[in-house]
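Presented below are the structures under discussion, each in the form of structure tokens.
What follows is a pair of complexes built around chain A, which joins chain B in one and chain C in the other.
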Partner chain A sequence: MVLYGKYKDGEITPIQSYIILISIMIGTGILGLSRIVAAVSRQDAWISVLVNGIFISIIMAIMVFTISKFKELNFLEYVCHLLSKPVGYTITIGFIAYSILATGTIIRFVSEMIGTWFLPITPIYVISAITVITTIYMTRKGLTVLARFNEVIAFMLIPFALLVFVSYTELNFVYIKPIGGSGIKNIMAGVVPSFYAFGGYEIMMIVYPYISNKKKPILKYSVLSMLLVTLFYGGTVFFHIALFGPDEIQRVLFPAINYIGAVDFPLVERMEIFFTVFWSFTVLSTVALQYMTANILLQSVFKNDKTSLYAYILSPIVFAISLIPKNTVDVAEMGDQVGRLTIFFSMILPLLLFFTYLIRKRRAIKK
Partner chain B sequence: MKKLLKFLTLFVALGLLTSCWDAKNLEELLIIYTVGFDVSKEDPEKLSITVAFPTIIEGAPKDKAEVTTQSPSLGGGEQNLQNKVYREISYGNTRVVIFSEELARKGIYHHIDSMLREPLFPATSRFVIVNTRAIDLINYDPPMSLFVSEFLFDAVRQSNRYTAVPFTTLRNFNHQLFTDGIEPALPYIVYDSEGESITINCIALFFEDRMVDIIRDDMAMAFMLLRGEVNHGFITAPLPEDDKHHLTISLTGGHTKIKTSVKDDVLYINQEVIINADLSEFTRVDSIFDAAMLESFEKIMEDYLDDLLSTTIERMKKNRCDNIGYGLHVRANHPDFFEKDEWCCLFLDAVVEAKSDVRIKKVGISH
Partner chain C sequence: MLIDDLKRKPLSKDINHNITELKNILKDCTDVIFREIIMDGPIKPQRMMILYTDGLVDSKNINEAIIKPLNNYSPPNKKPRILKDYPIEDIKRIINVNEIEEIDNFGDILQQIFSGNTVLFLHGSKEALNLDTKGWASRSIQEPSVENVTRGPREGFTESIRENTAMIRRKIKDPALKIKEMNVGTRSNTFLFVIYMDDIVNQVLLTRVIKKLQEIQIDSVFSSGYIEEFLEKYTYSPFPQMQLTERPDKACANLMEGKIIILLDGVPQALILPINFFQLFQSPEDYDERVIFGNLTRLIRHIGFIIAISLPAIYVALISFHHEMVPVRMIVDLAQNRVKVPFPPVIEALLMELTIELLREASGRLPSTIGQTIGIVGAIVTGEAAIRANMASPTMVIVVAITAIASYVLPHYSTTFPIRLLRFPMIIMASLFGAFGITITWTWIIIHMCGLDSFGYPYLSPLAPLDSDLLNDAAIRRPLWKLWKRPKTARKNNVRWKKEK
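Presenting the complex of A and B:
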């Protein structure tokens, strides 16, 4: 109990907030990222990913700048303050619904991947149920405990990132050429399908009020966190294209896993298991953080003391959502839909809040 | 009550976490090492699929066994094969997939689709073509290994190390099949069933999924040099105007550079094959410890190899299939010129010139 009171003026440290950003973004999106982006911008898929990363880094800077003006207010309060109470409540409820839907979708992605590669006979609902139970366990003690979990598993990202080099001997960089050959139009169009993989950073709008020492350069490090993920995603897609080429990659469901299995390793028969070990932890933190977002927002709407109540209440809903898709194609479709929703909550909303803040500030100065 | 609830949750979770649905003891599995495909003798429209596996059971009359079935494809044959054996078939350890030449000339893609969809089927399984029926090779008892699969697995790798045949796996084949600008090439095994011996120094050239030609011995090695797979091995060249003596180099590595240009609508492909080598044999008694002499050796070897490279390219042009992958470079450097459906014709009309650059580093310990 002493530990929970560690941060006198908040629930998480600035460093934990950067790690949260990285953890929530690296999740299920990486599995098929190179395939869905290469379908549009072909060999330049990695450029599309970098462009998206730079774009959302700017959005992140705007987001943190705006919310840093309301240090004492939570998401519901500052949205109500900027956009009026009815709009604020509508957006918050929409955000809750989005977070629940995103959690259910990610859980289904996890179940689909594990069901396809490792537990083909185990029913999907069992894998989903285990993931939901784990998520409840991770989130029931609140944001502080979840942030600490993320801090620990952040080290897993290092070997996870290093796995992109395992198929290095098989790469053919001629597939990357001609650089920019797919045209600016296609490169920009390729940015859209990568939204799902980058989704989740909007959590900053929710967790910012809980950061303990806001004197730290949170804006700078938040943007750096985004660039780190961008670099990781961009590098991953670059290597995937160099292995599969823009033609074959269209036929591979989860290039991230097939990439690992492209070469023989001494002693290790199934190298993709290593990928899954590291990936499982990062994806569990993605699920838990997305789930936590809904819990925190519900807590602020109903003004409860703890989020644990919602950790239990929402679990049947996310479980049910995870069982909606009938097959793998439906799962991919669901991911696309959530990706579209992400555009509103992670791009349009921060910009809306920013411009409203500027307009209100200008009016205040005039007065 | 709370403790009881916790206990029950833990108990249920433990049951699920053991993944009992998918739990399989090794003793319950029939681990396939080799899969062989032939044209059925009874019905030429069907396949004859043979799987080879170790018997494992102590006291079994044989250490290994084979089962054959007739089916239009592997997918359909899996059920028939399962009905003939007493354990669940597992393809997770498949080392080698053998196709008879007769079948390979008809096309093999629709027989491998099932392998590509099965996550357990190793992407690194070796693909080979055999001059006889695949079942004959499966029944071969290699003198140095218990299982023909292990023998072939190692033998193909060794031949690749000696720059004799390409290293074609399930993933490679699929990659070359679905990538525009390159056609597949597989190791071709010459099995002498009477002499009970095999030789792996030939390459089966494919157009799409159909085998169209075989290249042997020196030409196979030239093909490997053109592909840039310069590993180890020996090349012997006759000395000019001296039939009795010859020169042999031992390859130590190398690489290739491909340059493409389009002038007046004519495609020019210039390839340089850089070969690092040691002098392995010079049967005349003259001392070779002389820079000019070594240069002359390099020239002799280059002249010999240039002829060989040129003949190999002409052979591929005759087949109208680019198994080297020049198309990848043309696509990368001249995307407007490259037409994926027309590439075989463009390749035929292209001016392709390959030059070797032999660099002898060591001369051995006697001169």
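Presenting the complex of A and C:
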């Protein structure tokens, strides 16, 4: 392993960290994004998404700035350093619980989707089980291998992204107008629901210590990758609203999928199934990354050599969580609950760390 | 007694003792010839003995260059010598052989005579002379049988290892081209050459490979597969971590990328290491044809790889789960074709794939002329009959045929095995989970490949970890005049030529 420069076991390249950021964010959120946001800010939903993206990019910058001051420490260590040991451990264990919960929820969501679109007769628990097994296989060799997988998948995201712009002939731009017509208040209110689609970028706090070459401008590029996702989401929402209109979109459960069904393709009928194939690749990587987060944090708590042990141990828990909801409504509710937790870990925690860092620094200067 | 043990046994000064000892070891080895020579010594006739293996030596050369000068030697009429016998230095002057070496133990003697050299014993000397007289019948240089190209050199490696190194040396006339000799197999004592460019190769890699080669515990080595299995890290992976080639030009191109070539005596293929996955899709032709077409053929090979693994699975998934994805006009025909087929699609697919694999195996074992006939007749007759008998639908036959063709896009035969193997789990998963099964199986395959490495170099290397080499010379290749940087396998900051700014 030593031969290929610095990429040891568990280490990742800077490029891989950007790709991890992108691929953990693009997952389940994109499917219903335009419906949820349009419910609040109507035809200006895409502006809400862009505003949210810019807001999150700022948080990202703050986050990377803070952790870049602790190049040698992992998540547990720098949180303990900044917020004292008991608080650090509490937050880390909370983060682990959150990651496990989120993994279980996403797995259940995937299973629901696959059950609806691909396998209507297959029981949900079978699909869940095969997804959990795949997740174990993806995570058991550690972060390096998973990061490489994401790089391969990143190339599959390109056709996935192109599929978004496919219905351009059917668009009706009257639906978009008047731009800004729903008022600044509504646009700002739309920022909150759009936030859930961006969840997951807090993984940067965990993977940053594993980046091998920290001399690269990581801050710049991680903010850029956030903006890339923002643009992609903004474009998606714009096109969706232009196709369905802000009223009709409320009656479409997953606009991202139905949108593609609006066009006829010469060779493949029902292009949305094709879309779902690509989507399941990206969502599998989201699941695996979320699961990996829990593994890495547990490893740092118990100071093991490898994360593979936890990949096996946690799997029954995740599987059980994925079976808790009784129906699709329950799944949506569970998703909302987990979404609330996301706000703490991806917004409050980075800001908390940042301000603690500033206060500590000022104190140090005074002394 | 093994040759390694005999290497610790020194020769004695007494020629008779040495000869009895050797005759004892070589009892019943009828191919080893002992020939006594008496030459005029300074005082009295001097007794000598030559030893060689019949069939491995050039007997004409032995007669002309060794026996004749020794027999005909007449001492110069200068002042008489005080010595009883001529010393070894004087004998060296008499013999007309290009390569002479002194050896002093039984192990080396046996090794030399078994590799075609002649050993000369002198009375009163603790050393024997090893004379290069190699010369045996071998296949002449022929066109490579598997890696054919339409353009570019047509020579392929042969069984004779010296011939092979000569072919490489002819192409790279540079003192940095090193050919390190090693010996593997405690009984077969096979020669093995580690070939590398001294100033390009990664020295850490080189020492590690050499150490691994030295640690090989095996009694006999007859083919490069033996070495491969000992060197590679992931024996149970379907993907090869080393590449075979029978083309010297390919070997040389790899040397220039800092890779190591292992040549084995008696094997007309060279091993290349380390490799990456994309290398398996490259052929020397890519560099001979115009850039555009070289890249297009590479693209076609990549597509072929994906088709060969997943096409039957896609068919099964479409027919069993997602009929709605097939255009309406087509699905009617598909359904009509399948009406009389009694099996579910997965059984149909597995049966047909199995038949194709059987045909392939059978035609490979038969002599080439019959093999081709069996292949064509078998494929056409079985396909046609299977449709007539309603064992398979015509669409299935087309799918299987396309898959079979696509699985041969890889430029080297033995690397097509992973494709042939992976197709079957893919079909089964597609029959269980439809399109999601295909996604899952591809995820497994990709994750598995991400975890592989070839001697420390990630298997999917320029793609994951991502690096500019991907667009230089992996997935696509740029014009040669832009490839001034060597790939990452070479030593750091090593360039092919200095780029002028």
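Keep this in mind: the second predicted complex is superposed on the first by the 358 of 367 C-alpha atoms of A that agree within 3 Å, B and C clash if a C-alpha of one lies under 4 Å from a C-alpha of the other, contacts with A are read in each partner's own complex, and residues count from 1 in each chain.
The criterion applied here is as follows: contacts are C-beta pairs under 8 Å (C-beta built on N, C-alpha and C of every residue); 3 or more make two chains touch, one makes a residue touch a chain.
Since the model is a prediction, treat every value here as computed from it, not as a measurement.
Number of chain A residues touched is higher for C, counting chain B against chain C. In the superposition on chain A, A:365 makes contact with neither chain B nor chain C. Look at A:269: by the touch rule set out above, it reaches both chain B and chain C.
In the superposed pair of complexes, A:158 makes contact with neither chain B nor chain C. Of the two partner chains placed around the shared chain by superposition, chain B is the only one that A:258 touches, whereas chain C remains out of contact.
Contact with chain C, but none with chain B, is seen for A:277 once the two complexes are overlaid on the shared chain. Once the two complexes are overlaid on the shared chain, A:119 sits against chain B and chain C alike. In the superposed model, A:329 lies in contact with neither chain B nor chain C.
Once the two complexes are laid over each other on the shared chain, residue contacts for A:148 go to chain C alone; chain B is not touched. Residue overlap on chain A between its contacts with chain B in one complex and with chain C in the other: 118-119, 122, 130, 269-270. Looking at the complex, you find that chain A touches chain C at residues 1-5, 7, 13, 15-16, 19, 114, 118-119, 122, 127, 130-131, 134, 137-138, 141, 145-149, 151-153, 155, 266-270, 273-274, 276-277, 280-281, 284. Of all the residues in chain B, the ones that touch chain A in their complex are 9, 13, 16-17, 19, 21-22, 92-93, 119, 122-124, 171, 174-175, 178-180, 328-329, 332-333, 335.
Against chain A, the residues of chain C that register as touching in their complex are 202, 204-205, 208, 321-322, 324-328, 433-436, 438-440, 442-444, 446-447, 450-451, 453, 455-458, 460-461, 463-466, 488. Chain A makes touch with chain B in their complex at residues 116-123, 126, 129-130, 133, 172, 174-175, 177-178, 181, 244-245, 247-248, 251, 258, 261-264, 269-270.
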